[in-house]
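Please find the structures below.
In the two complexes that follow, subunit A is the common piece, with subunit B as its partner first and subunit C second.
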Partner chain A sequence: MNRQQITDRLLDILRSAADDESVADRCTEDSLLQTDLGLSSVNMLYTVIAIEETFGIIFDDVTVLSFRTFGDVVDYVERKLS
Partner chain B sequence: MKWSPGQCRKGDIVRVALGSLYHYGVFVSEDEIIQFGYPPLPEFAEQNRDPRVRAVDADTFCCGRIIERGEPEHGDKKTARTPDEAVQAARSRIGEGGYSIIHNNCEHFARECVLGVRMCEQETEMRRKWQQRGILDVFVARIPDNAEPGPIADPNRAAYVAETADEKLRIARYCVWELLGTALRRCAGVDFPSLRFTRAINGKWSSDGAPPFSLSHTKTSVCVAVSDGAVGVDIEENDAFDRFGDPKLVTSRLLCHGERADSRDGILSVWTKKESIFKQTSGTVFEPRGIRLKRYETATFRLPGFEDLTVSVCGKTSALRCYVCEGGTVRGVTPVRI
Partner chain C sequence: MIYTTDREIFRKYTDPEEFGKIKEYGSVTEMWEAILPQYADRVAVEDEGVKHTFSELENDAARFRPLIGTGRRVGILCRNGYGAVKAYIAAVTGGCTAVILPPQLPADAVFGCCMKLGVNELVYDPALADSLATVKKAAPSLPLISVDDASPDRSPVVPAAPSDPCVIMFTGGTTGRSKGALLSHRAVMEGTVNGCYGYKGVFGQRYLLVLPLSHVFGLIRNLMTSLYTGSALFICRNNKDMFRDIAVFRPTVLVLVPALADMALSLSRKFGRNMLGDDLKYIICGAAAVSPYLIQEYPKMGISLLAGYGLTESANLVSGNPESQRKPESVGIPYPHQQLRIEDGELWLRGDNMMDCYVGDEAETAAAYTDGWFRTGDLARIDEDGFLYITGRIKEIIVLPNGENVSPAEVEARFNEPAFIRDSQVFEDVTESGAHILALEVVPRMEALAGAEGDPKEIIVSALNKINDSLPPYQRVSRIVVRDSDFERTPSMKIKRYNKCK
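And now, the complex of A and B:
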């Protein structure tokens, strides 16, 4: 799965997880998860679980603060899948 | 586990609500509650960079919220530790790290110390929600001006497209099939060319190797819905009913008793909804007045860049996700409901 495909899947998850699904429309790799996308800790938990289920990976040693931007999440998933 | 505010006792599992999440700990005394990481609040951002098991006082633990104590119920009692054992287990882990938001968090810690079972109900519940969320993905694309029907792997669909005398209809049937391939690859990861499809007597297409889907097209655009349950979709140009002039010519053939459609959008909405219901229920003859809208779960919407079209879908609308396909790329978009 290439970076674009990972990004597309993550945006799908964001639509399901965020309180306002339109945040996915304005999301870029530089978007800050908490301040730009408004993800609460509940949204983050749901997002992380959804990512595990979607990509079949396990998040180890991950805290709410592990990811600052959307691009950080893409990097993490890309690294895990490789 | 039964939760209630009350006098906490040594060895209790305790929690505070932070929005719809909870922060957990092991109560020893008002001066000592043992927690794994601080509550996930901005004021503790620095401390939570490297979450560890530590003892704090009740004020720090609760952040001004009400502390609830957990009362073990039948299932919990089998493995529950005595208060002294619970406190000893919690204290022995002070300084421990290795925090993970879903695999090793404050709830795992507190439950393991007090109940002897390492689990997180919050994680279990969210995972269940994700697994049961359902799928309803809708894809829309324009028919290119220079579109030409190409080869179609499935012989039944190839024959269906080839038999069409009308050139524009043939192109639309080809393009909607192309879009189905895109949708199935994206939603279900299926190898589209290897699938074989059949067409029922009511015109509905299906394949043993594909999830339920529905097709629709206009003279300019095509639309596909894919779901994990029965689904129907309909797309119409917004000016589809303008040629009738008097709206009553349409509404008299469209509405059931008690239903209303007072505007162009209203008529479009009801018409497309009923056609999507007809497709979802695999009806044989489309008789709009025989379909009562309120009995079905439907959504009507427009998509960015496709505002000249109205789409309705019948199925698990709470799971609705929309995509537009432009220039060979697929992009998720937010539907504007009408």
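And now, the complex of A and C:
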């Protein structure tokens, strides 16, 4: 899966995590998950669980709040899949 | 008018045989001694792949009691785990008072709590050793005990009177500053037993622990009722693993805050399967307002979601919805041994489940009561069938959908630290999509930035983001706005607080 495909799937997860269609339009790799995208800790938990389900990966010793930007998440998933 | 209920009101909602088994005990110790012979070989706790029976739990507690002594105030700073359960049981059945500290507390706050709450010794989880830094420096004589330690000797349980202190629970409380609510053995047992009323399939269940034990909902409704009913408690170590744990353990009862129940429902929809497992019968939901939507949607998955209402100061449970007669807008029927009264719309409480005081805070304690009644700060009404409804909050304290209590003043104090911040306001806001978030607005002091290089607003936002990142997760804001103008002020020049969620 290339970076663009990962990003597309992650944006889909973000839309449902935030329950907000517009969140994907506002999102760039530099977007801060909490302040820019307005994700709460529960939204972040949803995101992590949905990523694990969608990509069939398991996050290792990562706390739900250890990502700052959307790009950090893309990087992490890309690394896990490679 | 004073409202009271009798336990008999719950008989028709409970299995008759089980109703007869719901016994009241004067103390946690008395309960523990009564249930041990009954449930000795049953699994009490399953954690990290290891099953611990009730008798093993008592054995391990007996080898921990000599380390903590008796008549002491024992701080417990542990992540959810078997060790935390063992330390808690050892303390409260060993003549000690357990002071359960939230594991995410930063080192300075751990020290502050130990001092304010009069902790005599601190049981710690080695994984949280960094959080002891301030205690080690500023209170080097405070004994520190690893939760993994065990004595070669055993100490038996120590009887307790109903009025003896049992636990001190951390709470945002009524006026915003963090406090420790002291609950007696009687209060803890009230909360524990009340968790048995109103549904069928009470004893011998399988519970999953997702909530922190430092929250009354986790400690009392989840752990204590699970032990009391001879149920097995599976400890979920990380919330993100909740659904994998559920697939393995197949719980029959879940105790959840609304935000988690909401998340489980939307994930189940997204992935087209019941992620909570086919064995789950009940979700006990509370600690924040429960959306009627959840109560209506869950039965479609064969799960009853029973909403309730409670406070730290009331040993968790004030009221709960019985199964089969559901009023989605209500928080249920008040449990026995309490009195409820509504004054100017505000709910006042009195009863065996109420706290004794805020420890070390006489002024706060006095301010919380009128004529012996605890004023909840919640606006309420009771209908003709005796169901309670919470209609709003009159306090400043913010309760987010995940059940966390946030004191705006406490968080604002941190954001006010930089010289270029004149004032700030932390408040609950609703996004366009209806999500409740914590938001921050600041009024900058631009002169403090005179001569600084770069865009002043960018400097401010970046500094505030850093402060935000240093806060405990539940206090972090999701939106930061730098205002061009001051806040609206009251005649006495105080900030006029936003009221966006009432």
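In the analysis below, the second predicted complex is superposed on the first by the 81 of 82 C-alpha atoms of A that agree within 3 Å, B and C clash if a C-alpha of one lies under 4 Å from a C-alpha of the other, contacts with A are read in each partner's own complex, and residues count from 1 in each chain.
We adopt the following convention: a residue touches a chain if its C-beta (ideal position, glycine included) is under 8 Å from a C-beta of that chain, and two chains touch if they have at least 3 such contacts.
If you're wondering where the values come from, they're calculated on a predicted model, not measured in any experiment.
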In the superposed arrangement, does A:60 touch subunit B (first), subunit C (second), both or neither? first
Subunit B versus subunit C as contact partner of A:16, first or second or both or neither: both
Which of subunit B and subunit C A:41 touches, first, second, both or neither: both
According to the stated criteria, A:29 is in contact with first (subunit B), second (subunit C), both, or neither; which is it? neither
According to the stated criteria, A:8 is in contact with first (subunit B), second (subunit C), both, or neither; which is it? first
Pick one for A:49: touches subunit B only (first), subunit C only (second), both, or neither. both
Touching both subunit B and subunit C, residues of subunit A: 16, 22, 40-42, 45-46, 48-50, 52-53, 59, 64-65
Would you tell me which residues of subunit A are touching subunit B in their complex? 8, 11-12, 15-16, 21-22, 24-25, 40-42, 44-46, 48-50, 52-53, 58-66
Give every residue of subunit A touching subunit C within the complex, in rising order. 16, 18-20, 22, 32, 34-35, 38-43, 45-46, 48-50, 52-53, 59, 64-65, 68
Residue ranges of subunit C touching subunit A (in the complex, touch as defined): 239-240, 242-243, 259-260, 262-263, 266-267, 270-271, 400-402, 431-435, 437-438, 465, 468-469, 473-474, 476-480
Touching residues of subunit B toward subunit A in the complex: what are they? 18-21, 37, 40, 45, 48-49, 51, 98-103, 122-123, 126-127, 129-131, 133, 186, 304, 321, 330, 332-334
